[in-house]
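Each in structure tokens, the structures are laid out below.
Two complexes are shown next, each including chain A; its partner changes from chain B in the first to chain C in the second.
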Partner chain A sequence: MARMAGRRVLLAVPVLLLVTFGVFAVAAASPFDPVTAYTGTAGLTASQENLDQIRANLGVDQPFTARWADWIAGALRGDLGDSAVLRMPVADAVAERLGWSVLLAAAAFALAVLLGTAFGVLAARRPGGPLDRCATAIAYTLEAAPAFWLGLLAIWLFSLQWGVLPAGGLTDTASDTVTAGQVARHLVLPAAVLGISQLPWFYLYVRQGVGDALDEDPVRGARARGLAERTVLLGHALRSGMLPMLTLIGSRVPELITGALLVETVFSWPGIAAATVQAATAVDFPLLAALTVLATAAVLLGNLLSDLLYGLADPRVGFDG
Partner chain B sequence: MTGRSLRAASAAALAAALLLGAAACTAPSGGGTRAADGGTAVVGIAYEPDTLSPLLGYGKDGNSKIFDGLLAHDADMRLRPALAAELPEVSPDGLTYTYTLRRGVTFQDGEPFDAEDVVFTYRTILDEKTNNPSRAELDALRGVRAEGSHTVVFTLAYPYAPFAQRTVLPIAPEHIAGRQDVNTGKFTTEPIGTGPYILTGWSRGEKLSFKANPHYWGGEPQVERFTMAVIQDDDVRATRLRAGDLDGAVLPPALAEGFARDRNLRTHRATSYDYRTVTLPTGNPVAGDTAVRRALDIAVDRQAMVDGILNGAGRPAYGPVPTGSPWFTAGTERRHDPEAARRILDEAGWKPGKDGIRTRDGVRAAFPLWYVTGDKLRQDHALAYASDARSIGIDITTQAGSWEVIEPRMKDDAVLAGGGAPGDPDFDQYLLLHSDHAGDGFNNMARYDNPAVDEALEQGRRAGDEAARRRAYDTVQRELAKNPGYTFLTHIDHVYVLADTWDGLSTQVEPHDHGLASGPWWNVETWTPKGAAR
Partner chain C sequence: MADRRPVPFAAPAVWRSRGGTRRSTRTLRIAASAAVLVCVALAVLVVPPAVDLDQQAVDLPSKLLPPSAAHPFGTDDVGRDLLLRCVYGLRVSLVVGLVAALAATVIGTAVGAAAAALGGWTDRLLMRLVDTFSSVPHLLLGIFVVAMFRPGLWPVVVSVAVTHWLSTARIVRAEVLSLRSRPYIDAAVSGGAGRLRVAVRHLLPGVLPQAGLAAVLMVPHTMWHESALSFLGLGLPTHQASLGNLVQTARGSLLAGHWWPTLFPGLFLIVPTLAVAGLAGAWRERLNPRRRAELTL
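Moving on, here comes the complex of A and B:
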């Protein structure tokens, strides 16, 4: 198990190098100009000399390969560079926002996994029953619905029409202190939207897995031994039917990140994703690179996690991946 | 590992992740809910500043809330002393400005303010390692030094009459800002100044929160908590104002009209220097022709644009100086006269072709006009302009694009541009019209080149005498009527809707960029609750 983890970490190094290089190359090729983004409206009346000086100060007058090498060298020493658009060190910007993104993603993920499993088991118990048909139809519909659209719909319904939940932000507009109660109220909509956009996958996988497991010999054996239906369903069928879902947990991480990107933007959630959008449109190389590394690392970790969980849950699978 | 322990382990991991997430984001807790007391005000603005450091350009035109300048503008845009004890003494040659500083002023952290802070602020801005895009505004400044702890002397490289107007620039504390990286240090997001409000939080893209500075030298503000919500979308801002989430907001005239009948809300209309203009590039064979420029100048129906596009919230513009300004040259208004425009074109040899579009020496009277994608106001102006031009036989194709697309084309194609700064006529006219700035960034986009205007602009900034300056800017406006390298269309009023719970609200004449510093809340520190009961 440790060997597998170690091998994966080693493999991650070239992947991360390649990804950051790609980010620098794409950003350099984009039509956006970092200096225009940096100076904003003040840049419209600035002299060319002034703008050229800022270009040199920001270091964006150099070729992107040199900047990439600089950034990598700095990152190895623990210095992620300074974000031009946020005017603060990248490490500070990430530290400030990462917690909020993790909170949102964790809440959404928990919601998706728990609800998906619960509904999946219930639906698998009576395939073709009313619950199964309803839930499956809704799941396919939700799977086709983009997260940002769900978000706008939720804002329209819960904030504008009914006025029961805040439309965005972390706290009430007039309040400048972050209290747990306020955050909880503001977390409901974005977490629900993000969770619901992920939910169909878990639901469909669990339903299929448990449904198949119910026909398998061990389950039939358990029933024959006269075990309670509850024990059969949760102890035998669910455990074996959960296996494909563990894979899913890992492979849904990228989807979760892109979903969070949209949801955070729609709900003005002060997380990493909102900064990613800003970094991209402002061609803020160091911030963009750091955030991409973070996202890549999350994906790699997700895959590793699901492989490890799989190995733990199913003795037939070894740790030689 | 058994299934049970696996489930337990994953549940524990999940709980830990949640806790970790929550713990990583703890912030000081306390009161601050939206109470009905009169001490809070929440307003919606469209754009937030990029930085809150005056060293990087924040608040350079005053009203920064967190900071004070040496001087400040009053409601009529006249200068009054702020951190300076009185208006500066100017030497007879106009090259030395001496400021005596107010005594007993402290920064929000309790440290005293003195001359060293002023010197530090200006020297840092002039340093080319500082990423301040507005440095050119201090182009005239050669040096600044302290004489004792409460006198500051500025020396200029050349006589620059509006220099005092530039010293509304906020002063940063040397003992904080001087100890960190000027471009990325904490001070850029957690500023500390001498001003009436203390920043308590800045959630980017969401809001800026302030509380009153109890030790403010001008007296503690009565609006104790002041919040600026950053809401880019006009409709969302209007909805949140209607829902009571906001006490006030900046709104486009059409949306503001929806609140006209609400008796708890009042509409404030600020006149501005904010113009919309069409650049007529000198390098373009059609737009660069003086006859075409003069014909377009009188062919456009400015009043129709004010009524139709701005819902009456604006006024026709004939140059960068609005008609209501004391610097406006009476008699340079242009009457809408398409007939005269056609005559001018006829006399200059532009003859109508078969399709109604004029040609001269094989050159068709046509050019493209760009506007920024998504800017409805500019789009409407551009379409109205093109239709007016068409009626005198000039074919203008309107095209939308982002600035990245427009910038390389500015040399030859027309652009629907905006700008304008009150304070002093030199501020925008020199950059907009002087041939030295032709094609310099986004300054003088039309590459206007008129020696008479250049000379008058130089005189205007150097002459110390008010009457001489007035003559210079009169010359500029008359020359612009003779050779209009830009077709000025409208000056736009900025419209604000606010809850009627405070006294002391007014508006200043506003610039093109009306972010945090403009609007009726420019002087929120002097608002008082309406009626004694609150």
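Moving on, here comes the complex of A and C:
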């Protein structure tokens, strides 16, 4: 298993290199000019020598392949450049914000898995029953609904109409310390919206998996032995029905990141996804490049995790692949 | 505990009408989906030329009116009629979505067909490229492209297209690989047809139905992406307001407690998506009735 994990990590290296190369190539092909971005309005009146000097200082007079190599070398030392929009080194910004994003994503993921499994099992028990029809219709609607729209409506209902939950941010505006209670209160809405936007997929997979498993021989055998319905459902059908879903949990990372980009922006959550949108709006290339590569690494890690989980959950799978 | 579930092998695999004269929900679902899509097509094609109303007409005295008979969806913060704004927004979103889906399908078909028809190193290289592309989250890649090329109509179309061709490439490649071993291809080759002729005249027509279906299913996705980009302020300029722009501009009104400028553009995105999913699900059930469709969105 360690061998397999090691091989997969090695295979991820060329992918990451290719993605960073692509990022620099796209930037070089675009009309974006780091010098204009750096100087701002002062660049309009500056002399050509000054501009050339800045260009040389920033290192952008070199071809993009050389800048790419520099960036890789810097990244290996932990230096990802400086972010203009956040006014701090990119590495510090990531370190400061990563934890909040992981907290949000983990809470949302837990919610989606728990609710999706519960409703999926209940719906699979009686396919075509009222619960199944209602839950499936809601699941399709939620899947079609954009996360930002759900977030805005949630803010309207819970923060403005009922006034029970804060509309955004990490702490109350008056507070200058971060306390666990405040963070928990501010976490509820974004995590619920992100979780609900991920929920339909889990629900439909569990429903399909458990529904298929209920029609198979092991379940028929369990019923014939007179086991309680509860044991049949949770001990037999759910266990084999969960298997395909388990393998795909890791591959949900891209959707989770997509959802986080929208939800963190709507709720002003101080995570890295919100920083990505800020970086894109302000064309802050060092920050945007680092976060794009980080997201790719997260996706690759998710894929690795799902392969490992599959191996752990299903003893028939070897780790030779 | 009484077993309330019917015996497993009698469990219905497909929702069926329970007898009687009521029509099955499946037929209803197909009819409703088709009706919604016809309405969308009519609204998008007929309303702008036929209805002589200015969607940009500002009417400050009647700003932020709740839904009423005169304004079925209410008015926005400068008194523009939201129903009209939504129809125009849907038109913009749909056009961007269609163009992006078409472009993505062309790229995907070309890459998939080239990979399968040429095989060997080309195939491996192209498929590694597809894997690399799919390991960057799509919306993030779109945001990156738009940020670098500045928001506008074409950057949005390009950024949506370059993130959506991957699944088409995989589908087309698999399809071409299975077609390649058919006798009629052997016949064409032994008849002296060159590589290009075999690919264009014999392989491509075989994969077009699949690619076409994939393109239709892609349109809700591309519309969703365009809306997300526009909502983040990285999409279309505000004078070409799409549904995403409408939600974005409605944020201020929402925080003042007015829900309708946010609600209706979202519904305009959700309802057509569900209609496409409904038809696609029915189509899939027809092809493979045993297996109820998973998520088809």
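One rule holds for everything that comes next: the second predicted complex is superposed on the first by the 283 of 321 C-alpha atoms of A that agree within 3 Å, B and C clash if a C-alpha of one lies under 4 Å from a C-alpha of the other, contacts with A are read in each partner's own complex, and residues count from 1 in each chain.
FYI, contacts are C-beta pairs under 8 Å (C-beta built on N, C-alpha and C of every residue); 3 or more make two chains touch, one makes a residue touch a chain.
These numbers come from a predicted model, not from an experiment.
Once the two complexes are laid over each other on the shared chain, residue contacts for A:P31 go to chain B and to chain C alike. In the superposition on chain A, A:T296 contacts chain C only, with no contact to chain B.
Once the two complexes are laid over each other on the shared chain, residue contacts for A:L204 go to chain C alone; chain B is not touched. Using the contact criterion defined above for the overlaid structures, shared-chain residue A:L160 touches chain B and also reaches chain C.
When the two complexes are overlaid on their common chain A, residue A:V188 makes contact with neither chain B nor chain C. Contacts of A:A313 after superposition on the shared chain: chain B is touched, whereas chain C is not.
Contacts of A:D215 after superposition on the shared chain: chain C is touched, whereas chain B is not. Within the superposed three-chain model, A:L170 lies in touch with chain B and out of touch with chain C [touch as defined at top].
Comparing the two interfaces of chain A, the one with chain B and the one with chain C have residues 31-32, 160, 167 in common. Residues of chain C that touch chain A in their complex: 1, 3-5, 8-9, 11-12, 15, 25, 131-132, 134-141, 143-150, 220, 224, 227-228, 231-234, 244, 247, 250-251, 254-255, 257, 259, 262-263, 265-266, 269-270, 273-274, 277, 292, 294-295, 297. In the complex of the two chains, the chain A residues touching chain C come out as 15, 18-19, 22-23, 26-27, 30-32, 125-128, 133, 139-141, 143-146, 148-149, 152-153, 155-156, 160-161, 167, 200-201, 204-205, 208, 211, 214-215, 219-220, 223, 228-230, 253-255, 257-258, 261-262, 265, 276-277, 279-281, 283, 285, 288, 291-292, 295-296, 299-300, 303. By the touch criterion stated above, chain A contacts chain B in their complex at residues 31-33, 36, 38-51, 53-54, 57-58, 82-83, 85-89, 98-100, 102-103, 106-107, 110, 160, 163, 167-170, 172-180, 183, 235, 239, 268, 270, 274, 278, 309, 312-313.
Those residues of chain B lying in contact with chain A across their complex are 1, 3, 6, 10, 14, 17-18, 20-34, 40, 42, 47, 50-51, 53, 56-57, 128-129, 131, 133-136, 181, 183-184, 186, 188-189, 200-201, 203-207, 209, 211, 225, 227, 229, 239-240, 243, 245-246, 402-405, 419, 428, 431, 437, 440-443, 513.
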